[in-house]
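Presented sequentially are two complexes of subunit A, the first with subunit B as partner and the second with subunit C.
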Partner chain A sequence: MKNILEVRGLSLSFPSKRSSAVKVLDDVSFNIRDGEIIGLIGNSGSGKSMTALSVADLLPETASVEGGQILFDGEDITKMKPKDRRLLLGDKIGMIFQDPMTALDPLQTIGRNLDEVLQIRNIPVRERKDRIIEMLKTVGFIDPEGVYKRYPHQISGGQRQRVLIAGAALLHPRLLIADEPTSSLDSVTTMSILKLLKSLREKLNMTILFISHDLYVVRNFCDRVMVMKDGKIVATDNTEEMLTGTNNAFIAEMLAKSRLDPSELLLDMPSVDYSGSPILNVKDLVAGYSSGILSRKARTKTLKEISFDVYPNEIIGVIGSSGCGKTTLAKTICGLMKPTDGEIRMKEGMGLGVVFQDPGSCLNPSHNVRWHLREPLIASGSKLSPEEQDKVIRRVLEDVGLEQKHLGRYPSQLSGGQRQRVAIAMCLVLEPSLIIADEPFSSLDAVLAASILKLIAKINRERKTAIILISHNMRIVRAMCKRVIVMSKGRIVEEGLTGEVMKNPGSDVTRELIEAEKMLGGARQSSTGA
Partner chain B sequence: MTASKTYRSPSRAYYVTGAVLLGIVILAFILSLTGIAPSPNATSAAEKLQGPSAAHLMGTDNMGRDVFARCLAASKYTLLISVTGVLIAFTAGVITGLLAGYFGGFCDRIIMLFSNSIMCFPGILLALVAVAVFGPSLFNVVIALGVVFAPTFARVARTGTIGLLSQEYIMHAKVLKVRPSRIMAVHIFPNLMPQLLPATVIGLANMTLFESGMSYLGLGVQPPDASYGKMLADAQSYMMHYPWMIIFPSLMLVCYILGLYFLSEGIRISLGGESR
Partner chain C sequence: MYPCDNLGLSCYNQLTMEGLINGKAGYFGVRIVELILTLFVVSFFTFAAFSIIPGDTARVVLGPNATEAQVENYRKQTGLDKPVAERYGDWIRGAVTGDLGESVSFRKPVSELISSRLPVTLGMSAIALIMVIVISYPAAMLSSRRPGHALDHILSVFGHVIFAIPPFVLSLLMIVLFANLFGFISIGRYAAPSEDFAQFLSCMLLPSLCIALPKIAMTFKFLRASMIEERASGYVKTAKSHGLSDVRIMVRHVLPNSSVSTITVISLVLSDILGGSLIVEQVFNLPGLGRLLLRAISVRDFPLLSGMVLYLAVITVVLYFIADIAAAMIDPRQRLSERARP
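Presenting the complex of A and B:
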């Protein structure tokens, strides 16, 4: 097969005045064959994005190319005039990025956003609109005319990524570079985007360079895989052989790291007494965001008639794809949002803790860990003496697996996993009987996520704390939760014991979630799962 | 990914330049307290309009007062007025801004209505009206300047607060039932400093310019006390033939304002802002 792109001996560095230059790419050579989907995987900082940016000529100004050739269709594009090379991007090479939220101009309609690409190429107005509508249809919009007129904030993250793919594909490029296009999407949306990319390859005869750190995504999607480490390509092979063979120590390690297989954590489910009285009783809950300043009534209902109970000592899973109202439910139970209707009844004297998703903003950057752990005690009007407070803090710190030395550190001096542990410790200080955990692991890598899951299970076992675990990941819910609630569009569509829901899914949403889980890995474990 | 942080540290040059320029003014302030120079308000008809000499380092003005001594004395008033004025503006502005941002809704509307009303008048006009009504005393000038500058701080604090409200640690604090006053003071306020600090330094510079403007018009520091604005006003009719009368106070003013701007630029860069 013909090579569409050949990279030979590409080296790249960031010159620095003080120290020696930081080398980001070191003698990188690879070929991309016409029509294939090739994966490029590696940890963050391994140079995979820089490789893509070199090909697309989008390198930051401070980078300097130290040598090497990039042959596109046999022509060395590093020797091209800047203007010609710029036109190559778009005409021949398309690119999509990780964050669909920031890639569209919020003040322009989707149509205007896409139109720009064609406008600078002097295509007549009438034809431009037709082509955009046609492409929006191709990427799976049922109502392309409607989407054309909408603004970016009016469509979901997955839809935005579709719009961006449409934009990249508008000029029918031969090579599409996708830089972690699914990293910020949930599993169901990820699956649909991957399906879309695959179908686009057939329809438009494209070659795709797919960059990812997620081996599971790559496994079911790419024909071949290249692995990068420290600015070097360490292995290239067919996907199947690469990911099953263990002849490469680094890949074996990466495989181990990215496989979040909760069944290996050996988490035993807590025994729950469902005959007793629930500690939390939610009945006909309706909540939403109001847009008027003086009107109390919610315009958009994010939650509709939600009813469920939580029993002492249980871990209950709440699952659904993004935008289904999971987080709003958590916020409403915590009292951060006022319900417009229905009631939330908690057991007398019950404490409530909450852990949110983002380790980046879960701690206050102006204060150290000790302050964070003391703050709940102060807020609750604790009468403990400073020595006793210190004792509580130390015990909790130990429980979440942190050490004394961390007490004086500030959030910027902690890793993502450590920050999430401090956030959990903040809940534990007041010994709540219910903790709401809103995807506390979703932005951590598999090893850290697994350790957080273990920690949550341990807290549940040792402290008899009930936990509402919110997730979009079926595998995690399956391993952790005895009972599960499936949400979609603000409603509970299914509720029951996890095993039974998995065996006989009673709704399309559940089926989609299970299918996504299978496609994005875990297929082998599903037969042995709960 | 980019190595620009280790690549160069542009804030250092700004800090050094700013510190040197401000140092000149602060030195003047210290000297004015030691009484090293002759009395700034002592007139001497025999010595008027003399050029710089060993006896009078910066010459004398039209009433025979020593320009050097007056420059030192003026630095005292300039520092006093700008620092207290900014303190008043900062306190009033940050408190109202926090309240507006935190509670939102009606509270926000009322507070922003007030602060926007103040902002839509030219500041100097408002200050002039206040001084015209309450009389031109140093105290009134400081209060008037504080009120005129408060909305700037209110806006910065309000915007910052609204941004922080969506941060998980603030939501967490609310779940923990931390009192709103404590959330504002302990959880939010320290995180506003990156925005407030440059605003404060710029505020000092702008306030000094305002004060000079008012004194120039005769509504700020009252004669015979010296102020840079007043000295410039006095020098106006003499500056063609006796340039030292206008050069030295102007230079001092430039040192102070430029020093503050450099400092604020340095702060902004080292806090991660863009250098623009």
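Presenting the complex of A and C:
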């Protein structure tokens, strides 16, 4: 088969005045065959995005290419005139990015956002609109004329990603580079986007370079997989061979580390007494956002008559797609939002902690870890002496897998995973009996996410803390939670033991979530060789 | 077809206002009520403040030789003996109909005094505003294109310098530079626009520039930061991946987006200029509002002062209102909040 892209000896670094240059890509060479879907996987910082940006010539200005060739269709594009190289983008090489929420100009309609691609190539106005409408139809919009006139904020994240795919595919490029296009989308949306990309490959005869940190997403989507580590490509093989044969040590380790095995995690969990009194009782909860000046009545109800109990020691999953009201539920239970109706009752003397999605924005950048861990103690009016406080802090620190040396560090000196551990530790110093964890792993790569989930399971096991785990991913809920609540459009549509809900899903929402799980890694047992 | 219809993020409704028609009317309604309320509060407090501070209008008007009886008599005639609340009531009733009372020092209606000074202030403001926009936008575009490069540093230093020089020094420098060295700009011979428009314009240019320069530096600094931020955003990356040129991305995407937040700064700048620049008017000997205000304060001319404060309040509040509407015109997120489903 012919190669559409050949990269030879590509090296890239970020020169720095103080120290020696930071090498991001180190002699990277690979081929992409015409018509294939090739995955490029690796952990955060491994250089996968930089590889893609080098091909597209979209590197940040501070990066310096130290050498190498990039042959597109046999021609070395690094030697092209800047203008020709620029126009190659969109024309021959299309690209889509991770965050569809910010990737469209918010001040222009979808139509105008896409129109420019054709306008700069001097295509007549009439034809431009027809082609855009046609492409919007191709990417799955039932009412393309309507979408054409809308503004980006009027459509959802998944729909925006479709619009962006339409923009990238508008000129029928030969190669589509997809840089983590689904990392910020929920599992059901991810599945539909992957299906769309697959169908586009057939229709437009495209080759796709698919970048991801998630082995489970890559598994059912790519023909071949390349693995990157520390700026080098460490392995390339057909997906099946790569992920089933464990002859590559790094892959085996990555697989093992990102694996969540229900049989392993669930067995260790403390038993739950469902006949006893619940630790948290939520009854007919209604909450929403009001837009009136004088009335506090919610105009838009985000939560509608939510009722459920949480029992001591259990991990209960709350699952649903983006916008189903999961996060509002978490905010309302922990008091960040006032309910408009209904009751939330905690068992007397029980404390409540909460861990949010984005660990970066939860920590104060001007204070170190010690301050963050002491603050909850001070705020709660703890009568412990400073020495006793230190003892508590040290114990918690150890529990979340951090070391003494981290106490003096500031959030900017910690990695994403470490920051999330600090956020969890902040919640543990007060020894709560219930923790609400609102997707505490979603901004982390697969390996780190798994390690945080394992930490949560450990807290549940060792401290006997009940946990409400909020997620959009059935795989995670299945591995972690005995009991699950399925939410959709602000309501609870299903509730029960996870195994039973999986076996006999009682709603379309649940069926969709299960289908997404199957596609994104349901074949786990057979392919991990476990 | 793909099931993209039900991928909706319904929570987006929560963050926004009601539908197009409802929301728009409600939004503007609220803003207008806010506007009127602000005017009342500002005018009441200034009126009250002027009644508390020492200095007696009647005494000022009649001079130190007037007898106590004469002063008392004057007070009765002009209603100065009434309680503050009542006087405020009378005054605000007049203000609504356009009658701001009579200046005690000029013996002319306050509204006439303000409107006679308005051409100078309006002329300077308009020219200064044009200068601010025409200079700060291109400068910010050049600067933000390559932050940290030589051109960026030069422009930033230049900005800091004009911002740091006190206005009266700047004014004098300008006079020396333009009038003495080049000699083509007339100074000090003010002509009303109705008499000689060309002369009016030419004597406006230099003072306008003096007012505009620090504002240019301020707007530039703000715009530069905003443009650097916008250039790092996702839609710029998308535009690049579509093959768009740098210049096009700057003009079509970065410029409008950074304008949304800059409009507020420009409205601040404009309300500042419209208040009249005391120092520049003094240096260039122009009959503007700044000098009128100074006169009103020095002679305790309360009717004139109250009238001027009301004028300033109206200008400020109305400008904010316009800025909000302008931002809503540029930014559909503020205008159309309804999340329609395709």
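Convention: the second predicted complex is superposed on the first by the 453 of 530 C-alpha atoms of A that agree within 3 Å, B and C clash if a C-alpha of one lies under 4 Å from a C-alpha of the other, contacts with A are read in each partner's own complex, and residues count from 1 in each chain.
Keep this in mind: contacts are C-beta pairs under 8 Å (C-beta built on N, C-alpha and C of every residue); 3 or more make two chains touch, one makes a residue touch a chain.
All of these numbers come straight from a predicted model, not from anything done at the bench.
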First (subunit B), second (subunit C), both or neither touched by A:352 | first
Q. Is A:154 in contact with subunit B, with subunit C, with both, or with neither (first, second, both, neither)?
A. second
Open item on the list: Quick check on the superposed pair: does A:425 touch subunit B, subunit C, both, or neither? Answer first, second, both or neither.
Closed with: neither
Check the residue A:302 against both partner chains and state whether it touches subunit B (first), subunit C (second), both, or neither. second
- [ ] Would you sort A:167 into first (subunit B), second (subunit C), both or neither based on which partner it touches?
- [x] second
Across subunit A, the partner (subunit B or subunit C) reaching more residues is C
- Partner chain in contact with A:4 - subunit B first, subunit C second, else both or neither: neither
Subunit A residues where the subunit B and subunit C footprints coincide 293
Listed in rising order, subunit A residues that touch subunit C in their complex are 56, 58, 61, 83, 86-91, 94-97, 99, 101-109, 113, 116-117, 120-121, 139-143, 146-147, 150-151, 153-159, 162, 164, 167-168, 188-189, 192, 195-196, 288-289, 291, 293, 299-300, 302, 321-325, 327-328, 489-490
In the complex, the residues of subunit A that touch subunit B are 14-19, 22, 24, 49-50, 60, 62-63, 293-294, 331, 334-336, 352-354, 356-358, 361-367, 375-376, 378-380, 423, 426, 430
Residue positions on subunit B within touch of subunit A in the complex are 1-4, 6-8, 105-106, 109, 167-169, 171-179, 182, 186-187, 190-191, 193
In their shared complex, subunit A is touched by residues of subunit C numbered 1-5, 7-15, 17-18, 30, 146, 233-235, 237-245, 248, 252-253, 256-257, 260, 330-333, 336, 338-340, 342
